[in-house]
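We just call them A, B, C, D, E and F in the order they show up, numbering each chain from 1.
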Amino acid sequence: MRGAQVRGLIVGRFQPFHKGHLAVIREALRKCDEVIVVIGSAEESHTEKNPFTSGERYQMLLSSITPEERARVLIIPVRDVNRYSVWVSHIESYVPPFDTVFSNSDLTRSLFKQAGYEVCRTKAYNPKEYSATEIRRRIVSDEKWTHLVPGPVARFLEGIDARQRLLDAGMSPQKKKGGCVAR
Amino acid sequence: MRGAQVRGLIVGRFQPFHKGHLAVIREALRKCDEVIVVIGSAEESHTEKNPFTSGERYQMLLSSITPEERARVLIIPVRDVNRYSVWVSHIESYVPPFDTVFSNSDLTRSLFKQAGYEVCRTKAYNPKEYSATEIRRRIVSDEKWTHLVPGPVARFLEGIDARQRLLDAGMSPQKKKGGCVAR
Amino acid sequence: MRGAQVRGLIVGRFQPFHKGHLAVIREALRKCDEVIVVIGSAEESHTEKNPFTSGERYQMLLSSITPEERARVLIIPVRDVNRYSVWVSHIESYVPPFDTVFSNSDLTRSLFKQAGYEVCRTKAYNPKEYSATEIRRRIVSDEKWTHLVPGPVARFLEGIDARQRLLDAGMSPQKKKGGCVAR
Amino acid sequence: MRGAQVRGLIVGRFQPFHKGHLAVIREALRKCDEVIVVIGSAEESHTEKNPFTSGERYQMLLSSITPEERARVLIIPVRDVNRYSVWVSHIESYVPPFDTVFSNSDLTRSLFKQAGYEVCRTKAYNPKEYSATEIRRRIVSDEKWTHLVPGPVARFLEGIDARQRLLDAGMSPQKKKGGCVAR
Amino acid sequence: MRGAQVRGLIVGRFQPFHKGHLAVIREALRKCDEVIVVIGSAEESHTEKNPFTSGERYQMLLSSITPEERARVLIIPVRDVNRYSVWVSHIESYVPPFDTVFSNSDLTRSLFKQAGYEVCRTKAYNPKEYSATEIRRRIVSDEKWTHLVPGPVARFLEGIDARQRLLDAGMSPQKKKGGCVAR
Amino acid sequence: MRGAQVRGLIVGRFQPFHKGHLAVIREALRKCDEVIVVIGSAEESHTEKNPFTSGERYQMLLSSITPEERARVLIIPVRDVNRYSVWVSHIESYVPPFDTVFSNSDLTRSLFKQAGYEVCRTKAYNPKEYSATEIRRRIVSDEKWTHLVPGPVARFLEGIDARQRLLDAGMSPQKKKGGCVAR
């Protein structure tokens, strides 16, 4: 139906969108003609793990890619279903046909492989630093973080006062090694 | 936040996407820098009123616009909430900020106006013919319909055997004036 | 638990609240110490059958009863569950304990009776006129309707431009005998 | 995984279970080692189209089959998802693996075929009479109906006063040719 | 619409209703003509964090206020939506119009402020003791707790055997400083 | 309605089905004519706590009982409602009538007792070992586990590569006493 075109699929929450995400999209763009970027957990916002709305994440993503990339990237927000047994069908119903899934998550890889898709690992891109969890911690703790995200994302997050958003969502400033950050 | 840029918003179900829809998007593109096209009822498919999945409608839309238009159009599928009291907030959470809503629906206009948005009527574009309901009727009744949709949409619908889809969804062939087509 | 006090329960959608509703509440107040008035379909609004929000219906109801009545009436909005098998439990979880259900609906009577409640028919109060469907028809058709609702409700509905709300929701003016009003 | 065993799948609402349903199950049992009978719309009850609960339908079905059949039949209630794009995955998550789907519905056949299942038409069994819609009409209209359902179903329906259930659900007695029975 | 009347809004879960809650309501009543008290998480019950049904919480609240207060208080249960992006619209659809929100939660304050409401902090009222979490711990651990709630609430909770309810919900007796109470 | 027949009810998640579960079913079969086995959390799968689909759990259960037992056991998957106030009604709508509930959970016993059912404790069956949590830990940690489940379940779990399923779901190998196993 799409001729010889190859479409890749990437799923992420992008809370917030950072340089590691951008690197993965660019890696996929080198291997595919077009790349679908699914903004997962689209309906979540204002929580510690998902502080930004789907619309805000769309905006961050859009402002970080070049016009050439934009012509080959399809950004599509998809809400969670919380039922892995129907998850692949759920994604399929939201996006145009695709061929290859780029993911390092065992569950994502397993579910799409079982549904007949080609699955591709992506190169790690210093995941200790380019981690959305770490970036949220740094923002709320007033540590240096703007170098970890594309320039337009830094400006966007400052424009909406991301630190206050994270505080409102219940986060509190903490040191990196100060115990159990994640959850 | 977006400088002097103006963003428009259009909401439709695009079952299927036709030349009337395309004309509205182009009208909005003349008045705005960017246009968000919300694919409504995103999770509906395989029914008489909503035969095509959100992914299929995305594909139809994408294949109908020029590369120049693609650089200024944001296609975003949004599921129904069936609660008009939260509908505007629901849309807002899914899409980047926008300024003007293009719609001829009284309810849509009223809800967005009440939420502080500028609301714009669009020119009618021969709504008798360029109507998705009419096109679905023609497809299932084996009447001429391909001239009513952009070329790539015609090829796409033939490729997925749209007529069979409509039959599967419970439609049956009928004459135009043969009674109660809609609903 | 509540001593010798008797509590009645009335369920309605109150779209809008009219003098027939008020008469039923007053009939129940004569037989009970307190009356719980459940605003059903609480999350519906802006549709032909349910044009007004739960908050608006609460306001109409509250403004129509006297201070003495207010001291004995509990107004509680409850959303639909659309599963009759759990409906009584759903209501029970939302409201304080009650003894008697006032209703003329066979289904309501049957479900509560089966759950062990006393069930009471209410006197009809000219249901041809004091019908919310008829009042909505009159409002949208610019016929006389204010005499059918309590004074504060008439003022409230005019204040929010109820006619425009009904038009926005898709209603159109029609004669009383002009065919199939209801849906 | 199941050796050479062949499992069939039948989906129905069984409102109520009648001799036509039983004939289809027996036809499938002749072709398969085991038959999964999915009770669809499991969470619906007390409405005109779905008067009986899933538990009641399970009971009707169970009481109508022989011990030998029971050893080869798996009755599994499944709620609706109202999203055809995930419907097959939804069913798959609820039932053990199966090979062949028995159905005369175009949509059911199309969705399962697309998912790679073998699909089989069943013989029609005088569908004018052995129709659940017609049986509900007869029950509420006090016409002869017990010969259309298995004996235990007739006794069960009389035991729960099915006629009153249908009246409570809003049905009213009507002649067979008296117009638009179905909805 | 409501003339010069000022309405306040308070949101709480009231698990159970205690003297700290009552103090906040009274503080709001001094500043407003009427106060809407939203019973949040209305559909939750029988869990560690939300042991009591919405109806039970309504009853506790109602029995704790004076007749004069009842004439100026509107108690309205509202279920969670778990989507902060639509939360204010959700509340607005359930309650009559209001002007001022009384809350000490950063997120609540931020969301309502962004929607244009006046937001007011309330005085703390010894939050160490007048804490619903602490009261639940005391009830289940058989420590003194009745002095922390209004008299009618103490009687109500004893009447429904609140301690057994908490045990059923999975709580176990524990000392105050005995580690990780919450979550 | 069912004559002198006594039906028992057992609710479990069966993640996976083990010899302890089988012992409880057999204990109930000694006391009742028929036993309904509800597969709870039916729609959950691919998570640490609920790795297997409802269909897989149905298959495990079915393959573990004898033909004689199958003639007296009704296996019925039921999704969670996450609202304890309607939970008993929810179960009742899914299953045929029953008399006695077999459970050691305080909450389950309390909710069914309050709804008028007889409630029965079951004998513990070495719960330290015959625990689904422990079996999942052993599977993922490559420790001996097949002796804890019926033979057909062991073969089934090996056939679907249960260890990989658990790893995909996010579990990691761990020693029994190695800290906080449960969640």
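Quick note on the criterion: a contact is a pair of C-beta atoms (placed from the backbone, for glycine too) under 8 Å apart; a residue touches a chain by one contact, two chains touch by 3 or more.
None of these values were measured; they are calculated from a predicted model.
Visitor: When you check each chain against chain A and chain C, which touch both of them?
Guide: Under the touch definition, chain A and chain C have B, D, E, F as mutual neighbours.
Visitor: Any idea whether C-E or A-D has more C-beta pairs in contact?
Guide: Between A-D and C-E, contacts are more numerous in C-E.
Visitor: Can you work out the rotation angle that lays chain C over chain D using Cα coordinates, in steps of 5 degrees?
Guide: An angle of 120 degrees brings one copy onto the other.
Visitor: Looking at E-F, C-E or A-D, which one is a repeat of the A-F interface (more than half the contact pairs shared)?
Guide: Of the listed pairs E-F, C-E or A-D, the one copying the A-F interface is E-F.
Visitor: Taking all residue numbers at the chain B to chain D contact, is the shared part over half or under half, that is, same or different?
Guide: different
Visitor: If you average the CA atoms of chain A and of chain B, how far apart do the two points sit, in angstrom?
Guide: Centre-to-centre distance between chain A and chain B: 27 Å.
Visitor: Taking each chain's centre as its mean C-alpha position, how far apart are chain B and chain E in Å?
Guide: Result: the chain centres lie 44 Å from each other.
Visitor: What's the distance between the Cα centroids of chain A and chain E, rounded to whole Å?
Guide: Chain centres of chain A and chain E, defined by C-alpha means, are spaced 37 Å apart.
Visitor: By the touch rule stated above, which residues of chain D touch at least two different other chains?
Guide: 43, 45, 53, 83, 85, 92-93
Visitor: Going by the touch rule stated at the top, which chains touch which?
Guide: Contacting pairs: A-B, A-D, A-E, A-F, B-C, B-D, B-E, C-D, C-E, C-F, D-F, E-F.
Visitor: Using the touch definition from the top, list the residues of chain B that touch chain D in their complex.
Guide: Residues 43-47, 53, 164-165, 167-170.
Visitor: Mind listing the chain C positions that touch chain D in their complex?
Guide: 83-85, 106-107, 109-111
Visitor: Please output the residues of chain C touching chain F within their complex, sorted ascending.
Guide: Residues in contact with chain F: 81, 83, 85-86, 88-90, 92-93.
Visitor: Of all residues in chain A, which touch chain B in the complex?
Guide: Residue positions touching the partner: 1, 42-43, 45, 53-56, 58-59, 62, 67, 70-71, 74-79, 92-97, 156, 159-160.
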